[in-house]
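First the structure, then my questions, so here it is.
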Amino acid sequence: MYKIAKENLPDLYEAIAETNTLYIPVKKAGQTNFEQWTRSAEVDIKTLKTVKSPKDAFFPQSENLYTCGKEGKKITITLEALTDESFVVFGMKACDVRGVEVLDKVFLAEPVDTFYAARREHGIIVAMACNEPELSCFCKVFGIDCTEPSGADVITWLIGDELFWRPVTEKGEMLTDSVKRLLSDGDDAAVEAKREEISKIVSKIPNMRLSLDGWGRDDKLERFNSPLWEDLYKPCIACGTCTFVCPTCQCYDIKDYDTGHGVQRYRCWDSCMYSDFTLMAHGNNRTSQMQRFRQRFMHKLVYFPTNNDGMYSCVGCGRCVNKCPQNLNIVKVIKAFKKEGV
Amino acid sequence: MQELINRTKELLADGTVARVLGWRRGDLPTNPEPAYFNDGESLSEFVYNGFCGANLSKYMIEASELDGRTLVFLKPCDTYSFNQLLKENRVDREKAYIIGVGCKGKISEASLNAIGIKNVIDVKGAELTDACDTLTIETLTGNTTCAYRDAMLERCHVCRGKEYVVYDELIGDSADTVDGDRFDEVRKIEAMSPEERFAFFKAELSKCIRCNACRNVCPACSCRKCVFDSTKFDSAQKANSDSFEEKMFHIIRAFHVAGRCTDCGECSRVCPQGIPLHLLNRKFIKDINTLYGDFCAGESAEGATPLTSFTFGDAEPGTV
Amino acid sequence: MPMNDNAEFRPKIVAFCCNWCSYAGADLAGSSRLTYPADVKIIKVPCSCRVNPMFILRAFEKGADGVIMCGCHPGDCHYSTGNYYARRRMTLLFSMLDYIGVEHGRTRVEWVSAAEGVKFSATMNEFVEKIKSLGKNVRLGDLRCRS
Amino acid sequence: MNKSDLLAEQIREISGVNPKKCMKCGKCSATCPSFDKMDIKPHQFVSYVDNDDIEPLTKSKSLWHCLSCFACVERCPRGVKPGKLIDAARQIAERQRGGDYLTPDEIPELFDEDTPQQLIVSAFRRYRK
Amino acid sequence: MQRIGVFVCHCGSNIAATVDVKKVTETALMEPGVVHAEDYQYMCSEAGQAKIAAAIAEKNLTGIVVCSCSPRMHETTFRTCAERAGINPYMVEIANIREHCSWIHKDVEEATKKAVILMRAAVAKVNLNTPLKPGESRVTKRALVIGGGIAGIQTALDIADAGYEVDIVEKTPSIGGRMSQLDKTFPTLDCSACILTPKMVEAAAHDKINIYTYSEVEQVSGFVGDFTVDIRKKARSVDMNKCTGCGLCQEKCPSKKTPSEFNRGLNTRTAIYTPFAQAIPNVPVIDREACIKFKTGKCGLCSKVCAAGAIDYEQKDEIITRKYGAIVVATGFDVIKLDKYDEYAYSQSRDVITSLELERIMNAAGPTKGHLQRLSDGREPKNIVFVQCVGSRCADERGKSYCSKICCMYTAKHAMLIRDKYPDVNVTVFYIDVRTPGKNFDEFYRRAVEEYGVNYIKGQVGKVCPEPDGSLTVYASDLLDNKQLRMSADMVVLAAAIEPSASVRQIATMLTASIDTNNFLTEAHPKLRPVESPTAGVFLSGVCQGPKDIPETVAQAGAAAVKAIGLLAKDKLMTNPCTAKADELMCNGCSQCANVCPYGAISYETRLVMGPGVRENRRVAVVNNALCQGCGACTVTCPSGAMDLQGFSNRQIIAEVDAICR
């Protein structure tokens, strides 16, 4: 266990950035999101939830796959290079880290997504325990311990005027070594006390006790066919907010961009809320917003666990709870089914 | 609120309306959602208070396709949106039974967050029957109070007034919430140097994640299929490219609603990245008012809009 | 594409010309041998009211440094009213571009009749000079088109 | 530009009149009250200016016979306003003579009972600073 | 994917001297879709066109790009050529590398580069072109002539003689127009009535001509070949079928104080009246504003004296709706009001009159029975002064900027007639210029001077002062003698400017025909299409298009008739295929597009819309191809992009933009 004074954090960032690309919560025009660190960036590690999840670091909202060039009748194809330099994502929360584990299930399974795999290989996750879990959080429901994020390479705690730092993997150790000159030894007891403090807040949050009865791999068609969806989806305006702020939504679309000198084939996040989601030449297999709305929750709470040993693809970060324009969210869906006793 | 429920029950019972479009209590006090109610019983979940900011007029497009009349609650500003939709034949007046509800300004959790109040478990003082000057708030970490005004949405500070331009009946009182000029922010930007303006909009618009919430919530963006979703213009509607696409999207979005935008402020309310999108719409409104005479979209369900009319002596492009 | 820094800046300029007046005006400039820089490329549209603001933004996105729209003089529109609508649309669009900080002068509207070959040529010369003075358009372009 | 051209240009500038618009109808001379006393008639004035022939104008007696009644200005169908040209030529002549602006206070001393009222009004108009 | 052929024209050295045509040809082959490219000396020549046709056949081309002169020159040529060779003419695009390139650039490298880009843009467009078919619309074989003066009558006669039905709409109670008010006509001095009346009679008797007098056009809809017009037949209060034209009613009518319009207000008429003796139809109308019966409910004298029982006080305005294939506007002119010309004392003295008033005075059927006399005291004038250019050639807002064209000649006519009939009357004409271009016109004017002793003085009249003794003092210039004249006259005649009838504005609006700043109707082309309006199917006859004398009016009337006949002779019309088209699936039915359509071509229908996942009744925009002229205003108004313009589609224009910017 190491620690560093808060006031020395800029030096730490600087040191990390010497050998890695550093992604860290940055405040821009009033909002905090993970962005590449620069000296002039306004780092904000106090805000609990960034608007977007840090998913971008491993699975960017849009990324080039390859570029076709054209000169005369000659066509060249250049594959986009895979990430081959290490980068650090600093300040991911426990739920965000779990989110990456969910993505792993999708992208690292055969056939392996090489773009994602390369990023996972070169990415180092420095997670941070949640100091003040919020009312919209419900990570505990999915077995996530926000006091001590698992799955990260380094875990940190912000305690008083100090940041406590514990490497947990080999990658984490290596990163620690590279910045060791800035760190001093830390005290496990302080961390334990902090964890205790956080747990107390968690226990006060009602949604942390949400029941997932009836969801998961056991359910097959009962929930799918429930008339409740017809009522629940109604306020949905079919925007992509919930999916774009979600740390686990992994659907993407592949598109071509005509640069005038050729074509860039890129992929970009898609949203199951959009009417052209899975649109094919013959049309769409989900023709109504109700069907698309249902897809999102069935996928997170039924299909995904069915296919992945019971792992839900919701991590309880609560971003959708905060951001839905019309106040719909997965918690309300779960509660609605509970109430109806379906 | 009880008055609303009672009247609604009457109208449902006597068959005047087939269903009700209103707000349903959320799982937290701050998050009521738009909802349909089909019978008197379900109305036990009905709610109308300061957090019911959503403009329900756009839902009436769909409701116009349903059998029977739909009772809809519209706040004064929402009636302008409804009227504009009526003008564009997107809603059916015959299918709507409009109860104009009083409005004392709308508040939101985001506004509370902005003044440092988080994790709100309970709120008192935001009912229509309340004075709406102070909110008493219980949070996860303790109790607090704040001025109602401080939790209000931007649009309410510059509210155009509490007139209803279309309704069948009115229930509830409104309060004057105005304490600013709605063009002040636009003027502030206009006064900047081009470099400052560019930096301002670059910072704001580069936050855009192309979630399309602004478009989808907008009652003027009522196209069955948006031009950005069509293949005709070959534009990427969901990839943020951090260069030009966002600007193009937001300029065109504002342009397409120019002369039709009622300045209901929903775009800015719903933006997950807090982009002040209304600043684009208001710029057009301000230009239109200055160049072509005061015009208020939605005020009337008849007549041409500023962009579908002209005078011989209009200003020349680039001169203003 | 390697850029020679020393080379004179040659802007890309798109000119939308209405079929009835301005395109004919450009023809007249041609038959009168009134020169203007080759940087200007004309797209024929039936009327200035056919010019969608999206076309203009598209041109900038794809790398144009300036866009000019020419139509019949107000009152002379072949379709009687087209240019009046175009005028309002462009007034608002240009004002918005100015508002978001795009350099004033990258866009222009000029009314050129079929008889105004001289005006067409003079306008284009002037516009190219203006764009040259403003330099390359960096505020509205899409980086993807620079590759 | 020679001196005469320059003067003609000056006259055009002072008067704000474009003599090219004249269609030579002579309506100005038709009702001019001082016509008989003028050596260069109002309509000729226009063509002199048009021909940049200013010397004779500044020496002409007509300058001092014009009452500035502006009937010609009112009635000219082409908006050429010969009266304004004469007025301008008069100013040039004044300047050449070194005559300076008058102040309004000086004017009352300069007129007698026979001075037409219009002349007084036009003097105010012309010599105001 | 298209198979495109690119044809680069040298235009002799016009293009080839500045543009490296070989380079353009080679580069074209690199463009997507291009399977053939060649260059040739003159593409528009027979041989050049043969090359295009051959390539179409050999290479199975589906699209053509010709890099040549302006499409305004040869687009039609190449389209026709392509059509003959078997591909749709709208698959042809022109890259203008002459007017827009070789002629304005000097540097070969630069011009070639630009030519290549223009070629690319055209290729990019053709790649997205689709074959377009002109629509067809039916032609209603009937013409409407608005205005029953000599222009309208002549046009109607010519059209009717060709075998087509014609309706004349005339707003006054009789046809005849201004010409019926004239006494004699120049340069032959024929009696106006003698040559006009037979034409009026002929028109009235013609079995193909139908005349609506005392009627006005109320509304026009539709388009070339298929106009629908509402005509308001104002209540005449006299049954046209019963009236025998005996005139007894007019004799007995006690309301006699209304100024006679026909006599320019120089005398009065009764409330029930025919404007003049030879009026056609010879059926009076009751002026309801003057009629005592209508004003007070009492009187009814006319009804009592009418043996035929034709008087019908209950008659109502009638709206007649008819379809027409062609419309001819012949609304004629009026003289300007002179109230702003105080210097000529027109409103102060009754002896200052306009030339048209003099026509009435000179006319045997006029208020003075043709005797030349002063209106103030009935004395025969001894000295008459004519003033030319009153309000014509005027730069200020009091008058008109144009020359009224007819005044020089009719003034010579008046002067001559007066000197002929009253040799001891002195006649002086003040003129600025005497304009006599026309057959035998200058000879006519010279006769007035040389044989009739009319005193022509070059110089304008400055003012006219009525004197206490009843005479008029005329102040004028004599420019040639450099003198100021002051002469006494008994009568002053003003040649007031003419202007288009006031009603023309309203009619132009109804027809969507354009009008110039002077309210004259604009012709489609000032030289090559002088009798057609830019609005298809609308033709111009007479002074409504510009000042004209009678022979010119009759000539133009005939020309307009021929144009109308040419249209009516067709069974069907081909319409411009570059029209707007709404994509039903995307249309919101919001009606914004209809607001900006200048032709009323867009309507809305609720219809079953089907598409992927869609099957519902929707209100959607429908474009009438025959009405749509293809301006594209609607396409930009449409927020969803549902409305697109064929031949200039969003995708096509964007492809051009992309090609140019790349």
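As written, the chains take the letters A, B, C, D and E, and residue 1 is the first residue of each chain.
FYI, contacts are C-beta pairs under 8 Å (C-beta built on N, C-alpha and C of every residue); 3 or more make two chains touch, one makes a residue touch a chain.
Since we're looking at a predicted model, the values are computed, not measured.
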Chain hops separating chain D from chain C, counting only touching neighbours: 2
Any chain that touches chain E and chain C: A, B
Central chain of the complex, centres being mean CA coordinates: C
Most distant chain from chain E, judged by the mean position of its C-alpha atoms: A
Relative to chain D, chain with the most remote C-alpha centre: A
Pair sharing more residue contacts (C-beta pairs) when D-E is set against B-C: B-C
Approximate Å spacing (C-alpha centroids) for the pair chain A, chain E: 72
Cα-centroid distance, chain B relative to chain E, in whole angstrom: 52
Rounded Å distance between chain B and chain D, as computed from the means of their C-alpha atoms: 68
Chain A and chain B, separation of their C-alpha mean positions in angstrom: 30
Sequence positions of chain D contacting 2 or more other chains: none
Set of chain C residues in contact with two or more other chains: 53-54, 58, 62-63, 81, 85, 89, 144-145
Touching two or more other chains - residue numbers and ranges from chain B: 225, 227, 233-234, 241, 307-308
Chains touching one another, given as label pairs in label order: A-B, A-C, A-E, B-C, B-E, C-E, D-E
Of all residues in chain E, those that touch chain C in their complex: 70-72, 96, 98-101, 103-107, 110-111, 113-114, 117-118, 121, 512, 514, 534, 578, 596, 598, 629-633, 635-637, 645, 648, 650, 653-654, 656-658, 660-662
Chain C - residues contacting chain E, complex: 12, 14, 23-24, 26-27, 29-31, 33-36, 38, 41-47, 49-55, 58-59, 62-64, 78-82, 85-86, 89, 121, 145
Chain A residues touching chain E - in the complex, by the definition given at the top: 72-73, 258-261, 282-284, 287
In the complex, chain A residues that touch chain B: 28-31, 33, 51-52, 61-62, 134-135, 201, 204-205, 207, 231, 234-235, 237-241, 243-245, 253, 255, 257-258, 266, 268-271, 274-276, 321-323, 325-328, 331-332, 335
Partner chain A, residues of chain E touching it in the complex: 29-30, 612-613, 658, 661-662
